[in-house]
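Input: structures, listed below.
In the two complexes that follow, chain A is the common piece, with chain B as its partner first and chain C second.
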Partner chain A sequence: MKRSWWKGLVVPAALIVAAEIAMRLSNTTSMSLAAPSDILAALLRALFDGSMLVATRDTLASAGAGLLLGGLLGLLLGMIFGLIPIVNRLMEVTVEAIRPIPSVAVLPIAMLVFGFGYSMEIAIVAFSCLWPVMILTRAAMAGIEPRLIEVARALRLSTTQRIAKIVLPAALPRIMVAVRLAAAIALVVAVTVEIAANPLGLGYGILVAQQGLQPDLMLAYLVWIGVVGWSLNATLAFAEKRLFGRAAQVEAAGA
Partner chain B sequence: MKWSRLLSLLASFLVTALFVLAWKLVADYKLVSPVFLPGPDRAWTSLVRGFTTGDLGVKFLATVERMFWGWLIASLIGVALGAAIGTSPKLRAYLAPMLEFLRPLPASATIPVAIAVLGLSDGMVLAVIAFGALWPVLLATIHGFAAVEPRLYEVGRALRLSRATVIAKIALPSASPDILAGMRLGLTVALILSVVCEMIAGRDGLGNWILLAARSFRAPDLYAGVILLGLLGYFTAIAIGLLEARLLVWRSRAR
Partner chain C sequence: MNTSNDAAIVFDRVSLAYGGRPIISDLSLDVGRGEIVCIIGPSGCGKTTALRMAGGLVRPLDGTVRVLGEPLTEPRRDVAIVFQDYGKALLPWRTAAANVSLALEAAGTPRSERPERIRTLLAKVGLASHEDKYPTEMSGGMQQRIQIARCLAQDPAVLLMDEPFGALDAMTRQGLQDEMLSIVAETGATVFFVTHDLEEAVYLGDRVIGLLPNPGRIGIDLKVDLPRPRDQLETREMPEFLRLRRTLFDFIEKAEA
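For the complex of A and B:
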């Protein structure tokens, strides 16, 4: 496996070279496509003049704040639902009625309430991150070894102690999986909101580049969004592996 | 057991009804500005009016159609490509790293590129939906085919089956749970992208409708549209659940 890592690079490299040659041969100034070398030049230009970094900061800040808000709320609700079965049963219909609403459908509501800006984007990201975190946390609560709860009862731990010392540590690897999933969703939703409505960040940058008929810049933004998404995912996967090691892998395989 | 389940469901419905009542009271006493939050009665009236006198039904169908065709194209291509890549370790070695890199890329980020290449057309919308919904199906199919029990392939070889027969008779059934899970995810993506595309490209449909309603402060119309989108999400999830249960009936029987 280690010896064949270069194989993954063959096809993308061939595609890039083919695109470069095709664009150079056709020798037209396209309004919709650009040669890879031009895209790279546009990418470097936008990175060095800071515009792309500012956009990245805006997007990541909104996605991060939304993830934090929605994640904490989801964690809290998931713990309540997971630990108190009767609440879970009573809220079943309500949750199932709200959950299928597509995240972008709340966009106009957020627009109406908050107007344009960070708060609207954060609200939508929080709404979308809430559900996966809540559901996975709820499942994690149900998956806690019952004997641990018995131990907590035998030790006469108070509810807060029980949550802090037994429940959270036992469920943490699974919650981490939920956070990684929600982080990917947060970035996707943030970019989507920016493209659809919000004049901020990377999504807006790519839209402006398209409307300004700058295909090289537009594709540079697309490549950059891909790089940001991939790095975020890779960082979180690495952190998960580092923090929980085997536990996370076993849990992920079992989930 | 069955009675208690029914009872808890009933109680759960009651809780939901209480929430709707609370929503109505909040709206009636104007605790929240009616510009943001119309009562459920007004949203309902708007929904009924939209279907009886307005053209909400047409817009609803336009969104459903878009979502369905995009998803179908994505599923067909995803399964075919996934089967080719998943059954061949060589192709997998060359292509999998590139696919893993592209996976976290937000599908909505391709919308400006698609607009630049294809223009503001229905074809563009379909292409974006199909492209976005392709990834979950493709990756799940590759995983499903790669995870087929190797001994089954050996049986196929011993019986001297052709590659097409092996795929149709051995690999496809064995990978179908993964494929269906991918298609389920693809359907959610397709719905979100339909709404986003309608918002950005101004194609007629629910997404465009709720955005226009928000822009002209017609809050009841907006909530009616959001409720409709929630219902759409809910029923597509149920539909694919039924499909799954029907196609995978052998799985539960075998256990």
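For the complex of A and C:
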């Protein structure tokens, strides 16, 4: 494992070198392609003049706020649906009717309600993050050891105590999986909304570069979005391990 | 049987059915205060169900269950339940001490008093130096000790034990039997002990009640006249012990036939 960590990098490195050579040899001026070295230069330029950092901040702020909003709502609804079967049955058709709507399809409505800007993007991101968190939380509620619920009953824990001391910790590993999933969705949806309509963030940056016939900058944005997405996931995975190491370990042992 | 008011647990003509199938039919039984009553019987005789009714986890369809003179409608904090599957009944994300703490948190014990109580309770069940270990790091016997400590933290007047030592090896089981007896002797708690081990029932009980299956009802009610404190070797060699064991063995054989 340790000895061959670089092996996975051989293919991408070879591809980058090949692309560089091909671009230099053919000497084309393309509107969709750029040499890797030009892309890197454009990336560094955009980073140092601050434009890309501002765009990153805008995208992450919208995605983060949407994730927080949608995630909390999804957590709450998932807990209610998971713990109170009658509510779940009552809401089943409604949820299944709304859930499959592609998040981008609510864009026109969101634009009418919120106009352009952060709140519109946040609303759409929240809408898309709500469902996976809700469904996984609901499933996590069903997966709680029934004996623990009996222990809670026997000790006469209040509803709040039961949720804080038994339900949430027991469901935490699965809820964390939902949060990671939703975080990936949040970034995708935020960038999509920016490309489709909203004049801010990384998605808008990539659109402007494309329309300004700057393929190197456009691809630099693409590379940067990949880096941001990867870092986001790595950060969450690290946080999960650090914060909930014990719970995750238990989950693994029990599985 | 007469339902006297000083009994700890009273089943008064209790019946229960699941989906039309009778589980327990017309069960009447008194458990006196401070008494250790062991319940045996073939599988499907409703012994665990009876225990769950005494704990308020299940409500009877007919009749009433009274605990310490009051009709039972929901679990009470002074009635502690020791489940057989200790691995599932403990919170795996909490240490031994924090698991015991759960009962104190439920009872609203002030935060400042908890550490001292937890230390005393864990020492009582022989886990003095294991406070900071997680259940998964401990053996089955130790995990069951945590659960017993958590139940003792409830200051129970009644201990309901559902085959608590059934999953443990013979040596651990005997050790825990004696520890339980000495703890109960100290606190004067009433014990309702479900087991499938006939020798265990005779060894622990003041009385052994055998249930018959389909539907569950009382088949035998034996008084155990063995001196206390009991001794794993001497008690088990007494003629009276052997006689009771024989009677119960015959009962089970007939009940299962």
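Points worth noting:
We take it that the second predicted complex is superposed on the first by the 246 of 255 C-alpha atoms of A that agree within 3 Å, B and C clash if a C-alpha of one lies under 4 Å from a C-alpha of the other, contacts with A are read in each partner's own complex, and residues count from 1 in each chain.
The rule is simple: a contact is a pair of C-beta atoms (placed from the backbone, for glycine too) under 8 Å apart; a residue touches a chain by one contact, two chains touch by 3 or more.
Quick caveat, the model's predicted, so the values are computed rather than measured.
Within the superposed three-chain model, A:L9 lies in touch with chain B and out of touch with chain C [touch as defined at top].
In the overlay built on the shared chain, the residue A:T160 is in contact with neither chain B nor chain C. If you count the residues of chain A touched by chain B and by chain C, you find the higher number for B.
Looking at the shared chain after the overlay, A:P169 reaches chain C, while chain B stays out of its contact range. When both complexes are overlaid on chain A, the residue A:V151 reaches chain C alone and has no touch with chain B. On chain A, the positions that touch chain B within their shared complex are 4-5, 7-12, 31-33, 89-94, 96-98, 100-109, 111-113, 184, 187-188, 191-192, 195-197, 202-203, 206-207, 209-210, 215, 218-219, 221-222, 225-226, 229-230, 232-233. Of all residues in chain B, only 8-9, 11-13, 15-16, 19, 35-36, 93-98, 101-102, 104-113, 115-117, 188, 191-192, 195-196, 199-200, 207, 210-211, 213-215, 217, 219, 222-223, 225-226, 229-234, 237 touch chain A in the complex they form. Touching chain A in their complex are the following residues of chain C: 55-57, 74-77, 79-81, 83, 85, 88-89, 91-93, 102-103, 105-107, 134, 136, 154. If you check the complex, the residues on chain A that touch chain C are 145, 147-148, 150-151, 153-157, 161, 165-166, 169-170, 172, 246-247, 250, 253-254.
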